[in-house]
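First subunit A sits with subunit B, and in the next complex the same chain sits with subunit C.
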Partner chain A sequence: MNMFLHELRAYRKSTIIWTCSLTTLVILFLSMYPAIAKDAADFKKILDNYPAAVIKALGFSLDSFFSLLGFYSATLTYVLLCGSIQAMNLGTSIISKEARDKTADFLLTKPVSRSQIMTAKLFAVLTSLVMTNVIYIIAASLMASAVQAEPINYKLFFMLSITVFFVQLMFMSLGIIVSVIVPKIKSVLPISMGTVFSFFIVSMLSSSIGDTTSRFITPFKYYDLMYIIKNSAYETPYIMIELLFIVTTITLSYIIYSKKDIHAV
Partner chain B sequence: MNIFIREMKAHRKSLIIWCVGIVLMIISQMSKYAATSSNGQSLNDLMSKMPKSLQALLGTGSFDLSKLSGYYGMIFLYLVLIATIHASMLGADIISKEERDKTSEFLYVKPISRREIITAKLLAAFSNIFILNIVTLSSSLVIAGKYSKGEPMTWVIVNLMMGMFVLQLIFMFLGTCLAAVSKNPKSASSAAMGILLATFVLYNAIDLNSNLEGLKYLTPFKYFEAKNIISNVGFEPVFVILSISIIAVLLSATYVFYRKRDLNV
Partner chain C sequence: MNSIEIKNLTKTYGTARGITDVSFNVEDGEIFGFIGPNGAGKSTTIRTLLALIYPTSGGAKIFGKDCIKFAPEIAKEIGYLPSEVFYYDNMRVIDLLKYSASFYRKDCSKRINELSEIMELDLKKKIDDLSFGNKKKVGIVQGLLHEPKLIILDEPTSGLDPLMQQKFFDLLKDENKKGAAILFSSHILSEVQKMCNRVAIIKEGKIITVEKISTLEENNYKKIKVEMKSTVDKDYFNISGVSNLEAKDNIISFLFKGNLNLIMKKISDMEISNVWIEEPDLEEIFIHYYAKEG
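Right, the complex of A and B next:
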């Protein structure tokens, strides 16, 4: 419990900063919605002059794409990017910082097992992520209700928002396993930034040119927001993969960490 | 000279990783060009009639994806993103790592002035980003040459890469300046990353909402936009001057603040 509280305190400032930036981000983007809605209405008039086949070839339904929920899911791209960096940073740093800051021998000589240490740290990260998400979702829903043109479906809105948390969980467990496998991490940021941005770029480009094979590779594509809006459900195979991935990496992390050679001062 | 060589060696491995990453990215994305370019011309006409904000939402921007130059322009933003992440982290790291790794006592008692140390380190960082730029340029030329079908690409790519180099310089000096100013050396690269992310999000926000057009001076990603360079508008003088002054300010701030800095030992 002490370790848990200590970690929460150590990450308090960064959690607050991340929460504030995510909230600002969603407020900034949602405040632009009224202008977008107007553009979309104009564009629909142009579209009326085209044959139906061409519109079909565009591959999306204008009504759902430019509704508030559709716009919100485009916004979520950037929220996801920032949230993933937060999660990967937390996951990578929480174990590795003991070795880096030369506090490992202080902590590991205490009468607690390594798996207890791991559990406490894991829960601290989870708590920090949950708090970020709770505040984010509250702020986002308030903002959405302020800019909505017609009443929105809050259940769908929540389902979309919570995907940020799901993606964060994947990056968090990825970060944890990286930090227990790599012998010594000098600085966390290049690793977490590099990983998150490579996945982000892969997902952005694959969606621009409509490539579907990379969906399994990048966590950003596990939740097809348009599919969620259409069916009010998640896609089961991806949920299964995510669960499997998280369970495997976390279990492996426990096993590796409990046997790991940790460099003393 | 010793410091320069030492720094080049220290960053050799990471430079190779970044170069390989960026080349792989160019290859993998350009190879999908053939598939995209077969989209009908009518679709492109329709897309070009779309309001700017909606194009930005769809992720294609106002590029003509049936042409190689338009397709390359779409990828260019992400090449810039990769290169500036590299540049800002390198800039922040090269200055602050002595304190982080507790080697500053060793280095700063040597009979050389701080100015000489900074100069050597900046030159090393400069060479690193220059190499990354040249690698990107030559691999783009080779790969684009394979797909161009006679479309003249050389001039476009050379111009785009010149723009990218200026952006790399801006973000590298942003990193060094933050590392020289901040009290805690560890926070420099996070701060640089934060600014980079914020300007990237702002870039996207400006594309979404033309009311924000006035803010384009705040985000370097807007300074050398691929669509202006491709459509032969070239570099806008105001942005060239702005970039040069930003670089000059950041560079002199690095020297001025570092000379008076209390080193954390």
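Right, the complex of A and C next:
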């Protein structure tokens, strides 16, 4: 518990900053909705002139773009991007920061096993992510109810919003395994930004060319928001793969970290 | 009983560095010196004992338990002070110490105050703002606050001024009197000589010898310096038992181990103007050891 609280405190500042950014982002986007909905016809005309590939890459779907949920889905693409960077940052930091700040000797000579350390850190990150998402979803829902033209389906709204958390989990796991495999990480941000943006670009490209196989590769494509809106459900295969991916990477991270030599600074 | 039993401990890193077949015991309640130049393998041995790195072969027992398998349990009774201390920079000293104490499931606040008073440590300062020496003090308090049964020190005195070193040594002696065993790694012989009962000498990853400090000191080594009336070939003294033979102007100096009568006769046969016969300090024996083995 002491480690968990210590870790949580260590991420407090970054969690607050990220939460504020995500919240600001959604408030900003949704506040534009009334204006866009009002001039829907004109907007549609403009967007019609865009190449179809660009529209898809931006995450818009013309049929639904002018409904609140459709508009929100487009917004989510960018919330997802930011949230993923946050998650990957946290994941990559938890183990590597002990080596970077040279505090590994302190922590690892305490009467705790490495698994206990990993667990405490993992839960601290999960807690930070959950808190971010809770605040984000509350803010987004409030904003949505403020700008809605017609009553919105809150269950669907929640189902869409929570995909941010699901995608974050994948990037967090990826970050953790990177941080136990790479011997010395000098700076976290280039790694997390690089990885997240690579996946984001892959997902944009695959959207615009309509490729489906790449859906398995990039976490951004695991949750097809249009599918969720249409069916009020997630696509089971992708959930299974995500679960498998998370369980495997986290288990491997535990094993690698427990067997790793911690070298002197 | 032994606090530490190291048996054929080997750790290889890829090719060169590491330790080979290190074996020695640290008995309960003793202060054991661990001596060798930088890079000889002192830290590698210690880090294996602490389960920070894993042995390639062989192993060690602490309190009779395997140091890797039972690492978390053993760690309850170990206090460790590394040569360079690093802590979470944005914490205050007291918060760091409390965090450290929180791992041991006992109330350490009294001990924290005692220790930091002895070491003149300002508890309210941020770790970030501390000098190297003051960080070291945090390390000392942090390593001793849970009253460990085994204290492992890896070149602990760097950064401490002589006054603080003395206080620190006194502190260690007190802990030792209360029953703690101490493994004291250092490349500074005088401090080991001052503190320890026994010593292991390590060179290039191998233990050269494990001896009582007193044996090392006695060992019948004499440091002899003779000033001649006239220049003499230094090889005149090159008989068995003589080492580190050196000549400068009319002064010849060497270490001698063996029958003193022999060397006295040699000296008395010469016209000398002065003679010094001294106990060598550990440093000289040590260099002698290294020269011989090397």
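Convention: the second predicted complex is superposed on the first by the 240 of 265 C-alpha atoms of A that agree within 3 Å, B and C clash if a C-alpha of one lies under 4 Å from a C-alpha of the other, contacts with A are read in each partner's own complex, and residues count from 1 in each chain.
Assume a contact is a pair of C-beta atoms (placed from the backbone, for glycine too) under 8 Å apart; a residue touches a chain by one contact, two chains touch by 3 or more.
Remember, predicted model here, so these are calculated numbers, not experimental data.
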Is A:150 touching anything from subunit B or subunit C once the two structures are fitted on A? First, second, both or neither.
neither
Contacts of A:2 with subunit B and subunit C, given as first, second, both or neither
second
Greater residue coverage of subunit A in the superposed arrangement, subunit B or subunit C:
B
Touched partner set for A:29, first subunit B, second subunit C, both or neither:
first
Output check: A:197 vs subunit B and subunit C. Expected answer is one of first, second, both, neither. What do you get?
first
For A:48, using the defined touch cut-off, is the partner it touches subunit B, subunit C, both, or neither? Pick first, second, both or neither.
neither
Touching residues on subunit C, where the partner in the complex is subunit A
43, 47, 50-54, 71-76, 78, 80, 82, 84, 86-89, 99-100, 102-104, 142
Residues on subunit B engaged by subunit A in the complex (per definition of touch):
14, 21, 25, 29, 32, 35-36, 40, 42-43, 46, 49-54, 57-60, 65, 74-75, 78, 81-82, 85, 89, 93, 100-101, 186, 189-190, 193-194, 197, 201, 204-205, 208-211
Subunit B-touching residues of subunit A, taken from the complex the two chains share:
21, 25, 28-29, 32, 35-36, 39-40, 42-43, 46-47, 50, 54, 57-58, 65-66, 71, 74, 78, 81-82, 85, 186-187, 189-190, 193-194, 197-198, 201, 204-205, 207-211
Tell me, which parts of subunit A touch subunit C in their complex?
2, 6, 10, 101-106, 108-113, 116, 259, 261-265
